[in-house]
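Structure record follows, encoded as structure tokens.
Labels run A, B, C and D following the written order; every chain starts at residue 1.
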Amino acid sequence: MKKPKLRELGEAIRALIGGPYTTKFPFAPSPAAKRFRGIMVFHEEKCIGCGACVEVCPANARELIDDLEKKTRKLTHIQERCIYCGQCETYCKWEALEHTQEYDLAQLTKEGYTNYIEKELVTCELCGEVITTKDQLLWIAKKVGELAYSNPTLTLILTQELGITEKIPERGEFVPYRSGHLRLLCPKCRRSVYLNEIWGY
Amino acid sequence: MSRKFWALKKSPWVFHVSAASCNNCDIEILDALTPKFDLERFGIRKVGTPRHADALLVTGVINRKNISRVLRVYEQAAKPCIIIAVGTCACNTNMFEPSYNVVGPFDKHLPVSVYIPGCPPKPEAIIMGVVKALGSL
Amino acid sequence: MNELEKEIQDTFKGISIKRHSPKRVYIEIDKEGAHELARFLYEEKGCRLVTATGTDTRKGYEILYHFSMDKTGIIYSVRTVVPKDNPKIMTLASFLPATNWIEREIWELLGIEFEGHPNLKRLLTAEDFPEAYYPLRRGE
Amino acid sequence: MKTIIPVGPYHPLQAEPEFFKLEVEGEKVTGLEINIGYNHRGHEYLAQRKTYEQIIFLVERICGICSCSHPFASVNAVENLAGIEIPERAKYIRTIIGELERLHSHFLWVGLAGHFMGYNTLWMWFWRYREPILELFELITGNRNHYAMMKIGGVSKDIEDEDISSIQKTMNELEAKTVMFIKAILDDPVIAARLGGVGILTKEDAIKYGVLGPTARGSGVAIDVRKDDPYAAYDLVPWDIIVFEEGDLLAKAKVRLLECLESIKIIRGCLEQMRKGEIETKVEDIPPGEGIGRHEAPRGEVFHYVRSDGSNMPLRYKVRAPSYMNVPSNEVAVKGYDIADAILVLASVDPCYCCTERMATLYDGNKKLTGKDLLKLSWKKTEQLKKKFSHSENKLASLL
């Protein structure tokens, strides 16, 4: 009976000499580790609005809403729904999303948990469908290099961006023939424009 | 500030209600009571029955089977009683929203005072949440 | 094919043994034979029942009894199909108490009735859960 | 006269919360009815509506304590289905995460078991030394729990070189402490009297109920998926399986305590043998078919079955957590023991305890009993034993 007690006493003395194990928090800051996945921030200038983060999110904490009237794409992140798994950070090629080391999220109301960015959309001139965001088209154009000039949509966006054409000129009624193909068209409409040439209207 | 709130602020006793949670937030709450974080420094104690509690720490989502039990625990708690929703499940239904057995997050059924999102929130975040809840009184 | 599989092939009729990977074996058998095969694997060969899976498929409700042979680390999955218009099968709970909860769960989530089960009542869902609503069936 | 004491309801550890109805005659427990479902969230239903990548995060949230076991079994199942081989380094990293988790889970259990016995020092000790493991997790994976480490075809994060030294430092520190605690616990006559010979689960019953993990190994059933069906790096590093024949609570506690040392051994072996290299293989697509994945979680074997039709979502996803098999065995283990022991027996399979002390108020004829009362009963018994041992020269103490 004596020996075990001594052992436990040793532990107690060691704890006494070693000082308190308890943190000073909240009177002293307690920073999280370097890899900690905390509150998420958007880097708007890096984001191209592709929506990959929305696809991979397991918790439906991200929303993608296309506003056709305002021609904007709204990418929302709902902090209170986020499970801090880091999937969107991993899959974002542009490093537009980042988990910070901040963890204090407590609030008295649910307001303020949502943050969003808006991106300019490009829509089809014929059917009005969403093509994608302007930033993504520019990124594709940059990626394919000179081949961008083989696709009228990319060419138009690129020349506009470079300031060669200030504005896409007003044109008359749409003609579904080759003369009408130099417009911003969604893939489906572009197909029908080209096929009309061959098989007729 | 009424005397009742003054007393509550000095040493809030909490009761831990776990609905359908994954147990992680529960463990982090318990962790906040152990040597590293030691909530008893602030007079916060975990009690064994809702009748003694000033605050309810709720975790998890509410499902069809435990809703009656959760509501009964809230009825038993002495008022005024603040409800602190710990974790993403309690604040919102996390990824369980489409499930057939889940009837919603806590604020749909009970008046929640403070939300602490996180999956799970760090014990530090829980401490900050409790501090904010007491500061709001 | 190892010795045990050969023995099963010889003892039981109308079965097909498929080896998916070295340690995962699937045995297909009819409804009546499944009970006997489960008894054979558990009582004579000392396999441990891991769990049973019920699935809604085109052919009918499929039940997989997963048996684990811990000496070799092989999992034998006994597959049997229950018709959709009459979802009934013999219970294993009569000789294997471990299936008690498993069968109750399949009954309440997939709607397969286990004949002879000692305590077939709701396990996971509440008493006020809608009757005849089976979440794991397709199209529900 | 028969009295029924309801204990419960919530029990929030895994997918299985419990509501116990103890049938007692006098002080002796004669029967037990278990009612679960207070924690049912419908994971299998939800999994059919998620992609394979998302399912890992869904099953991670089945249980918070073994939060890498379910993803581990899940990736094993999908890799079995698609026939994917993962790189060597990923195997070691998976093993390290799995064993660190076992370590913190067993520490948690021993601490809480101490709390139930009224030995609160033990609780604080173990939870104090559990903290460095959680800090390690935050360092390696980026979160204290829910690590998000597993990925089909490998792991999502690498272990950096500077982290390896901190893991080794923590392991050295923990090993010394664990050895000390094991001696302190096994030497203690009160603990021995409280746990020894209580809640015996015989080998026959263990096989009949199909119990798993430390519950089975405490009853002499030597099953361990890590040895029987090796996966990840468990067949590449040396370690031993711990089995005790007695089947009582002490045997289960011993299994868990000694497994902590084995875990440290495995982690050390992995760190030594780990070489630089790839941490994931590229997964092309998931073919139609079915797959089974297993992992030895701290509580026993986790079993995942997945069936695919070739799309990015599974046709059927089955999850079997270890407590699902362990908890029903309480029906036989608790019979014939005191009410004061019942709480320990129910806790011995390592379901969840944080709930036991906040069980709702219960009615029992004229008497009212709460979970707190049960705990007090348990503490009272320990106090009595302590007195008994301090008054008389006992044989146990002289043996040590």
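Just so it is clear, a residue touches a chain if its C-beta (ideal position, glycine included) is under 8 Å from a C-beta of that chain, and two chains touch if they have at least 3 such contacts.
Everything numeric in this text was worked out from a predicted model, so none of it was measured.
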Between the pairs B-D and A-B, the one where more C-beta pairs touch: B-D
Where chain B and chain D are represented by their mean Cα positions, the distance between them in whole Å: 25
Chain A and chain C: spacing of chain centres that average the CA atoms, whole Å: 45
Interchain centroid distance [CA atoms averaged], chain A/chain B, Å: 33
Chain B and chain C, separation of their C-alpha mean positions in angstrom: 41
Residue numbers of chain C (touch at least two other chains): 124-126, 135
Numbers and ranges of chain B residues touching at least 2 other chains: 35-36, 63, 65, 94-95, 100-101, 119, 122
Two or more partner chains touched - positions in chain A: 21, 32, 58-59, 83-85
All chain pairs that touch each other: A-B, A-D, B-C, B-D, C-D
Residues of chain C that touch chain D when the two form their complex: 20-21, 23-24, 26, 48-51, 53, 55-56, 64, 66, 68, 70-75, 77, 96-98, 100-102, 109, 122-126, 135-136
Parts of chain B lying in touch with chain A, wherever the complex brings them together: 35-38, 41, 88, 91-92, 94-95, 97, 107, 113-119, 121-122, 124-125, 127-129, 131-133, 136
Interfacial residue positions of chain A with respect to chain D in the complex: 1, 3-4, 7-8, 11, 21, 32-37, 56-59, 83-87, 90, 99
Contacting residues of chain D [partner chain A, same complex]: 50, 53-54, 56-58, 61, 121, 125, 128, 135, 138-143, 146, 148, 156-157, 180, 183-184, 187-189, 397, 400
Chain A - residues contacting chain B, complex: 21-23, 25-26, 30, 32, 58-60, 78-85, 103-110, 113
